[in-house]
Structure formats: C-alpha cells, structure tokens
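So that we are looking at the same thing, I have put the structure below in structure tokens.
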Amino acid sequence: MNPSYEQAQPWSISQWLNTVAPISLESLRGKVTVLHAFQMLCPGCVSHCIPQAKLIHTAFPSDKVQVIGLHSVFEHHEAMTPVALQAFVHEYRLGFPIGIDQADPADPIPLTMRAYRLQGTPSLILIDKAGYIRLHHFGQIDDLRVGAVIGQLLTE
Amino acid sequence: MNPSYEQAQPWSISQWLNTVAPISLESLRGKVTVLHAFQMLCPGCVSHCIPQAKLIHTAFPSDKVQVIGLHSVFEHHEAMTPVALQAFVHEYRLGFPIGIDQADPADPIPLTMRAYRLQGTPSLILIDKAGYIRLHHFGQIDDLRVGAVIGQLLTE
Amino acid sequence: MNPSYEQAQPWSISQWLNTVAPISLESLRGKVTVLHAFQMLCPGCVSHCIPQAKLIHTAFPSDKVQVIGLHSVFEHHEAMTPVALQAFVHEYRLGFPIGIDQADPADPIPLTMRAYRLQGTPSLILIDKAGYIRLHHFGQIDDLRVGAVIGQLLTE
Amino acid sequence: MNPSYEQAQPWSISQWLNTVAPISLESLRGKVTVLHAFQMLCPGCVSHCIPQAKLIHTAFPSDKVQVIGLHSVFEHHEAMTPVALQAFVHEYRLGFPIGIDQADPADPIPLTMRAYRLQGTPSLILIDKAGYIRLHHFGQIDDLRVGAVIGQLLTE
C-alpha cells in the first residue's frame, strides 16, 4: 500500500439507522466504502449529494461497495435531532445505513467530523478495501469522477 | 364577482417568520396572494414548489403579488418543529413571510389545512384581489400555468 | 389601445411546416400569438426555448393562444436548410406551425428577423389580440414571466 | 486478456473534424478509448450523451483517455451532412475528435455502425488499452456507471 495514504479513523456513532447492528469500519475490509457526510438541512446535500449516494447504493452490488451516511451536525443542533433525521430518512427513502455522528458536549463539531477533519457538508470520503482514504472531497463532485475512483478501487 | 368562486377563509397561524407583524388575509385585499402550503420535510415541496415560490416572490413587485408560505404539518410533528423550520428557512434562504399553521391538539391536521381542505403538501392556492380562491392545486404545477393565472388576476 | 405599443409587422415566410396553409398575422386577430424565433442549431433554443414553446402549445387552448415557430437563419445557412429543418421538426416532435423566415439574397439576416429587429435567437415575441407587440425578448426568459404576460393578454 | 472480450474493429471514417490527422484505433493502444456514436439531430444524444462525452473529455487527461465522436448517420442523410455537422460542432463547442462514419451507397446504415453492430444512437463503446470492447451500450447510461468502467480500465 502506498504509504502516503492515510488510514481511515474509526467513526464515533451515537445511533444507527437502517441497520440492525452497528457497522464498524473494520467490518468493511474487503469492500469499497463510500462515506457520505451530510446534514439533513444542508441544501446542497439534499439536491445533489443524497441523490448521488442513493445512486451509488443502487448501482453497485452491496458485497463490493458499501454506502454509509454520516449525519454530522455542526449547526442548528436543535433542529437536526435524531427524530427529525428519522423523518427525513423516511421521506427521502434513504435505504443505506446512516450513522449519527457522536456529538461533543464541548464543541459544536461532532467527533467523527473532527477525526476526519471535514470542512463541512457535504463531504465524500472513499475508503479502499484495506481501510485507507483514497478520496476526501468537500462540496459537490460529479458522478463521473466519483465513479472513476470507485471503479479503480474495485480492481485492487 | 363570479358567485361560484369561494371566499378564502381566514388562516390560523400560531407563529410567523420573516415578518415583523402577523399578516391577515384581509390586509392583502388589492393584491394577488400566493398561498404556498408546504412541509419542510416534503421532498416534492423542497425540489419544486419552494423554488417556485421563491421565483414568484422575486418576479413580481411586492405591492402587487404577496407570497405567503404556510407550514402545514400533518405528519412527523416531532420533527418539523418551529425551531427546525427556522433553521430550514435560514438554510434555504426563504425571504417571504411564512406562517406556521395552527396545530389542532385533537387532530394531526392543522386548522388552516382543514379550513382550506388541503389534500396534502405541496398545495398552491391563488387568491384574487377581492379575497376569492381562483386556483386550488394539490401537487406540483408548472411555472407557465401558475404565471398565467397570476397574470390574469393582476389585470382584474 | 396604448399608443406606445408597436404594431407587429407582417412576416415574410418562404415555406411553412405543420400547417396546411400559410398563416397570416391578420388571421390571428382575436388570439394571443406567441412568435418563437429560433435556429435549429442554436443550443439555447434547443435546450430551453423549444421546450418552452412546446409547453405553451399544449398548455393553452389553440383557439386562444397560437404558437408560431419562426426559423430565422442568420448563420450557417448551408447547414440549416429546409430539409434539415424538416428532419429536426420530426425528431423533436414539434407540433405547432413553423415558418421559414424568408432569406434575403443580399444579407445573411432574413426578412422577418430584420423587420422585427431581432437581436438573435432565441427571441420571443408576444402579440396581443389586436396585433400589437407586448413582449419582445432576446435570450432565455423563464416560464413564469412568459405565463404572466400570456395570462394578462388573454383577459383583454 | 479475457478471451470472451471482442476485439474492436477498425473504423471507417470518410472525414475527420477536430484533428489534424486521421486517428486509427491502433494508434490508441495504451489509452482507454471512449467511442461515442451519435447523430446531430438525435434529441437524446444532444441532451444527455454529448454533454457526457464533453465531461469525459475534460475530466480525464488526454494521454490516458481518448474521446472519439462517431457521427453515424442512418436516417435523415440529406439533413445531417458534413457541412451541417461542422456547424453543429462549432455551436455546441465540441472539442474532441469526431469521425464521420463512412456512408454505404447501398444501405442507410454506415460502415462502422454496421461493423460495431450498433442498434442506433446514442451508443457508447468503451475500448480498453489493448483494443478490446469492454462496454457496448445503446441509449443513455448514467455518468456514475460510465465513470466506474473507465476507472477500472485505467488500472489495467
């Protein structure tokens, strides 16, 4: 493995949706992981990145590519509560597992967001089969480029 | 006035956003009123109808056409709270007045929604200068047809 | 009639498509006329204005609003021939009458384009029931504003 | 190489645009080749596939991925002439090389279209670095899936 790649940190999740059991990063070794950090009241997430995550979820077999939503609330905490997220997930028909990024009582930035040094939402992180970060993108990125990285990682 | 048109009912609003004072239907006589009923977690509202309401708000002079958002929560009440709506309005940069439809303790349907017999969200109601309902549409409707009705009502 | 409105000039058409007989401006008195000037190889016409013209054609009854396409070729004359336009009209399923603006042997600008002082394509001209020009727009214009003018003219 | 892959046939081109010299398939060994078959008056090509080809052309370095447009005219031959295509390429600002599929005097289907057994336009063919066909798709296909195949082929 290229030593310049950074090992993905374990995520800190206070609650999971759309999965019967918590999902650890380690359990995803051997798959390409698409970590899609969003906030439910972030317009760019809703218009572009959530449809992109849904498309990735349906376009690739689940034993090869795993989409994980990460709800990293760093603003409007009182609005984007777990119960509000559940309604959002229901209405937008999101079918992939979503973890609620663990809040930090001392900081508006939640723990995983800080560990991954996310600049904001939306952020897209692609993790290879060995657990290394291969794409770390803040903001919108087009489907073609995301597909190309996923296609490359699938061959490794 | 055509006697077949229905007089618009007064609305029941528990809280206003984007206005320094409550707005009564009576105070809008002489203007065309665009009443845009939505829920902040309704995907069709977010993708189509809220952009349409924003466009109407900017396309016509405010002394001729008044856009009023009506947040008619009839599901996921615990998610679409006033504080959540405030965050939504901030993030989506909505500039027109928005009234929160008065909840009914005995019914999930709020009071204005029931008075106007809305079938759901999004709903668009066009009220003429004399206070009569001239369009009552559930679901999405294209900008061309909405524009044509507004254009007609402006000449009356 | 407001004396400041300009009377629409008769158009000069070398060939008609989608109509059994030529259509004169005079014959449209009593209807709102939507004159949609385009070129078949103009990208903005194809992506925005032709869909808009198709929508107007379907949204209003034909005895009230008449859409007329005007193929005003002022560049690439050798590419946008009548036979090429016929293929275009077939492939894009245009159902409204289209007149080919009469070429001027001495000038790349065709006759109707010059008579109407069009700046280029797309251009949209709305003519009221009495034959006066009420909107004269070069470039794209949104459906809402077009609808509003049509709605107003329909009431006159 | 997987023996089940089909070797791409040489193409038959009567005229090239956007290149100073003809481009042979053999000269592209070592690159991923994106062969994008279209007709300039095919609405689905214009709205979806040509923007996709333009995006591929800009998203990947030209020494790794080569986009080739193939103008395979099988209908409206009198409309989609070389001079019309030149105007189209100019107006739509296509920057990648485009070959005009060699017409067959005895058949409306041009030679390359028949050799590649294209069902129509748009068609997308991805050819790997060794000259084998790895994707052969008729109709629209989303950017994510195309990107994934390109990403995979780039690693080979």
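Some observations on this one:
Note that the chains take the letters A, B, C and D in the order they are written out, and that residue 1 is the start of every chain.
Here is the rule we go by: a residue touches a chain if its C-beta (ideal position, glycine included) is under 8 Å from a C-beta of that chain, and two chains touch if they have at least 3 such contacts.
Note that this is a predicted model, so its numbers are computed, not measured.
Measuring from the averaged C-alpha position of chain C to that of chain D gives a distance of 35 Å. If you average the CA atoms of chain A and of chain C, the two centres end up 50 Å from each other. Multi-chain contact residues of chain B (touching two or more other chains) are absent. Viewed as a network of touching protein chains, the structure reduces to one closed ring of chains, two contacts apiece. Touching pairs of chains, sorted by label, consist of A-B, A-D, B-C, C-D.
The residues of chain B lying in touch with chain C in their complex are 52, 55-56, 59-60, 142-156. On the side of chain D, the complex with chain C involves touching residues 41-43, 46-47, 75-76, 78-81, 83-84, 86-88, 90-92.
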